[in-house]
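So, here come the structures, one by one.
One chain, chain A, links the two complexes that follow: it is found with chain B in the first and with chain C in the second.
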Partner chain A sequence: MGIIPQIIANSIIAGAIYALVALGFNLIYRATNFFNLAHGAVSVVGGYTVFGLYRLLGLPLWIAIICGVLGSGLVGYILEKILFLPLRKRKSSQMVLIVASLGAFTIIQAVIAIIFSSQFQTLFDSSMETKLYQIGGGIITQVQLIILIAALLIMGTLAWIKERTMFGKMVSAISDDAVVARIVGINTNKLIGRVFFIGSAIAGFAGIMIGFDTGLEPTMGMSLLMKGVIAAIVGGVGNIYGGVLGAFLLGFAENFGVWQVSGEWKDAIAFAILIFFLIFRPKGILGKK
Partner chain B sequence: MEYIIHLIILFGIYGILALSLDLIVGFTGLLSLSHAAFYGIGAYAVAVLSTTYGINFFVAALIGMSVAAVVALMIGFVLRKFKDDYYALASFGFNVIAVSIFLNWESITKGPLGIPGIKRPELFGFVFSTNTLYMILTLALFALTALFVWHITKSSFGRVLRAIREDEKALEVFGYRITRYKLAIYVISGALAALAGALYASYITYVDPSTFTANESIVILSMIILGGLASLRGAIIGAAILIALPEALRFVGLPMDVAAQLRQVIYGLILALLMLYRPKGMYGEYEMK
Partner chain C sequence: MNKITKIVLAVGVVVLAVVGGYTVYNKQGGSGEQGIIIGSVLPLTGDLAAYGEGSRNAAIMAIEDAGMKERVRFIVEDDKGCDPVLGVGAVQKLITIDKVSAIYGPLCSSEALSVLPITEAAGIPVVLSGASSKTLTGAGNYVFRTIASDSVRAYAVANYAYVKGFRKAAFVFDNSQDAIIQGKNDAQETFVGAGGESVSEESFGGKDVDFKAQLSKIKSSGADVVFVGAFPKTVALIIKQAREMKMSTQFISFDASVDVKEFFAIGGSNVEGVIAPAMVKPNTEEAKSFETRYKARFGVDATMYAAEGYDAMMLLLKAIKTEGVRGDQIKAGLLKIGNNYQGASGIITFNSMGDVEKPAVVKVVNNGVFEEVK
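Presenting the complex of A and B:
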């Protein structure tokens, strides 16, 4: 078994997780046109909700996962209603929204650390079977396979919603021109609320998956967020398909980069890619929308 | 009494950081999240030069400031075209890369272990050995910084910076070379942050990468946003409040870990609530656009 197939397998798994974070981020960006930095912390909320319900309270796993996804969605929704919506109504600048979301991020991260301590936790417990699958020379675990399949399903569903449903078209309308969208009778704020819920729920799912795959830490939200943002920018910010493309590109670049240099440089590699794209192709591979 | 002196020293260090960051964020209108990187460069310069090579603190601090200035020149060059969210993100990226270098360049920085045993400053045989003496040194350098920053903001150079913030395009029409101004202020600000880092390293006598993460950049940003952007009084008072406020938590008798997280909650709340109710901060002369 060569090392290259294994690196490819790892890259795809990493790409799938980044893609989920980038999807939610892009969805929210499309509708509101600002960088929601709280998105990373919202993702961690999902992971810790499952940790609390499943590992600490002993509820069935599927209930815990549903609660985790809904919990993240709810937190995102609440943030929109109590923080971002009032700011947008006042026509606050992007800077104000970014700083506010940074504040929200800091609060959520710290509250999670207070409730669950800042120690490293894992959702995976010994009773779960660790089946290994060999695909094309690379080995992936059962959890990783589930991550991959779920991520693909979510991406497909979102693409379908975007292209085929009224909801998707209305969101596109808002992102093209919010004022016109309102004039033609779209209830933009209600819709943006839903977008926040969906985007945050997807991020929450990503947080849960990471909890099973590698483990949870309250501070992981920042690096997760950054991977999502970088994927989004590399692919084309606000572009749903671009975000997925960027996520896999980032996954590959990171894993091959780590193979060549060393594991500790992972974040630096990701940001080097970001800065490279910001300089030479700020619109991303596919461009906006 | 020792404790009050400790707080005053911290105030002096953060006062320098806040004043220098305000030059970029408040006066020039660029949302920089890279300040802790320069803070770290100054601290590591003193740590490495004084422990390994036995170089005098003041010489080491000057070298650190020069290194920070050169690095700022390079980063500033990359950042010159960005604005708002992209500026925030890219500068954040540089902070992450800087921390990766502190962590991984082990032959110089000793990696995550950090560098202990940094000596107190010495000037012509006179050692700033006690905390009281160190406080006087810190306050003197803080006062010098404040004076220097005040001069910048009152000069024609400072007026150009404010004009960049208000209307970059118009200024360009008048023939100002905006990039040079932006680079100049970024270099000055970075060198001042390195001075604060030098003071920190020599005071705590130990440095490690965790002190200079992007989170620290956010803390410094909170200080100037609380005090009010583009106001020197605001930066100083903001730094004082954010140093003093969390200390009050110490007396409530919470466990260390919880107290540290509560601090973060306070920072986050300050950012979010200020954005909602008073984006100008306490004495702000400039509201983020």
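Presenting the complex of A and C:
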């Protein structure tokens, strides 16, 4: 059996993980027009909530996962209400918001490390057999398959919400022009709060899935965030399909790059793609829609 | 606030800072006259916390056993998983502010290599119990270690692999750690020297968690054995991901550090049959007594490197007792006492470069524990 089917499978798995991070990130960017760097840490919150409830307290897995997703959503919502909303009301610049989100990122990461220690933890039970699936010559685990299906489902749902619901249209309106949206009677702050909740909940789900696939570390948020941001920029910031497209492109570039060059070039390849797009196509492949 | 108030306030703050700083500095520096101050840099949190904790405990036990609890002030700084940057900062603080006479640790070779220029310039002796890269041999005039260089263990597993009939080896390793890179080179040279072939070589950065691309390449290279070197959790992740890709190839860690709880917690049944080298546990009264007393004192089994740490601290204290606290006195003392010394980790004889020679064994995972192969 050739090596290519497995590399394609690896690329798709990596792409699906990046897509989950990029989806929530893009959703929040769409409504607020700023880079929420705290998104990476919010994702880790989800993973560690499940770790605490499922591995330490022994609650049923499904309850732990629901709590993890909702917990991340809640952290995102609270950040918006106590940090970003007051700053926006004060007409703070984008720069201030980004720095504030970086501060929030650092605080959340530190709190997680204090509660759970900075040791590497896993959500999976290592004594259990992992289910493997063979798809076209490449092998993929059950968790990875769930990640892939979830990423596509969430993308589909978000696209449906955007096109078919009042909520989606209002978010688009805020994204185009927040002032006009407010004039026509949209309660922008309430809406942005909800967007933060949904986007952060998706990030939390990503963190949980990564905890099952590889494992958790308090500091893993930054690299997750970076890959999510690169995916978003490559595909088109604020664009739902764009984020997913960018994520898979990044996954393929990294894995084929490592195959052809060498493992230590992985991050260099990812950031070279970012720089290329920033210079030659700053709007990303699809642009913001 | 008018201008004068501002100036008065500013002057007040500066005066307070200077006075406060001076008092603190004096207080910490001053106690050097009465007691012996020994500094240490260990991974108390992060990936290697288990080893850091064990090394600290062993040092504390040595201080107590030497009856020097009242005279020795032992200061331990956390390098959060062998971070060389934190290590350098901590060592600078230990030397300039705490005015230590000697340093115990660091545990990792890369960190040890980055702090040595500072300790050498200050003439402060360093005793190492876990840093085992061969690069450290002869790296300074004041460096001593109670652990043998990695080479001996890398040779042991590479030879074992060849004898067992493996002929095509792949190497996958963390290229951010000096000891691992050296270990990889040693294992590779030995395996190829014996007549084997090195068919694939893959590296990655220290923070990576996805190794599927490297493993895919190794899988297609036709290797019948994979030598792996990284932090224990990373080795476990690599093997887990390999098994998830239906790779049933024999995995061999060329570094001894994998024999730790988290390796099995992450690896589970995937790491059954994995081979790794180990230090020989000496079958002596000293070694057995250390293990029982360690367990009685701390309630847990002694970790790997703990016996080496106990010996390092004990030799250091004996050297200080007999010769004095100056760097050159400690060095003379260590060379004098570290000669056919019966320690908890075996017989210690420092050569002129501060190194020891100790044998290695090969172990294999059987039902979740490393057992010596016959």
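By definition in this document, the second predicted complex is superposed on the first by the 285 of 289 C-alpha atoms of A that agree within 3 Å, B and C clash if a C-alpha of one lies under 4 Å from a C-alpha of the other, contacts with A are read in each partner's own complex, and residues count from 1 in each chain.
The rule is simple: contacts are C-beta pairs under 8 Å (C-beta built on N, C-alpha and C of every residue); 3 or more make two chains touch, one makes a residue touch a chain.
None of these values were measured; they are calculated from a predicted model.
J.: Clash or fit: how do chain B and chain C relate after the overlay on chain A?
T.: clash
J.: By the touch definition at the top of the document, which applies to A:159: first (chain B), second (chain C), both, or neither?
T.: neither
J.: Applying the document's definition of touch, where does A:267 land relative to chain B and chain C: first, second, both, or neither?
T.: A:267 sits against chain B and chain C alike.
J.: What's your read, chain B or chain C touching more residues of chain A?
T.: Of chain B and chain C, B contacts more residues of chain A.
J.: Look at A:107 in the shared chain and tell me whether it touches chain B only, chain C only, both, or neither; answer first, second, both or neither.
T.: first
J.: Quick one: classify A:282 as touching chain B (first), chain C (second), both or neither.
T.: first
J.: After superposition on the shared chain, which partner residues are touched by A:94: those of chain B (first), chain C (second), both, or neither?
T.: A:94: touches chain B, not chain C.
J.: If you stack the two complexes on chain A, which partner ends up touching A:118: first (chain B), second (chain C), both, or neither?
T.: both
J.: Scan A:150 for contacts with chain B and chain C and give back first, second, both or neither.
T.: neither
J.: Counting only touches as set out at the top, which of chain B and chain C does A:78 meet: first, second, both, neither?
T.: Touch partners of A:78: none, neither chain B nor chain C.
J.: Would you please give the residues of chain A that touch chain B in one complex and also touch chain C in the other complex?
T.: Looking at chain A, the two contact sets intersect at 113, 117-118, 262, 264, 267.
J.: Where on chain B is chain A touching in the complex?
T.: Those residues of chain B that touch chain A are 31, 78, 82, 84-86, 88-90, 92-94, 96-97, 100-101, 103-104, 214-215, 218, 221, 225, 257-258, 261-265, 267-273, 275-276, 279, 288-289.
J.: Quick check: in the complex, which residue numbers of chain A touch chain C?
T.: Residues in contact with chain C: 2-3, 6-7, 10, 13-14, 113, 117-120, 122, 125-130, 132, 139, 141, 214-215, 220, 223, 254-255, 258-259, 262-264, 266-267.
J.: For chain A, which residues count as touching chain B in their complex?
T.: Counting only chain A, the residues touching chain B are 34-35, 83, 86-87, 92-100, 102-111, 113-114, 117-118, 222, 226, 229, 233, 262, 264-265, 267-268, 271-272, 274-275, 278-279, 282.
J.: Spell out the residues on chain C that touch chain A in their complex, using ranges where they run on.
T.: For this pair, the touching residues of chain C are 45-47, 49, 80-81, 175, 202-205, 207-214, 216-217, 219-220, 233, 237, 240, 243-246, 262, 264-270.
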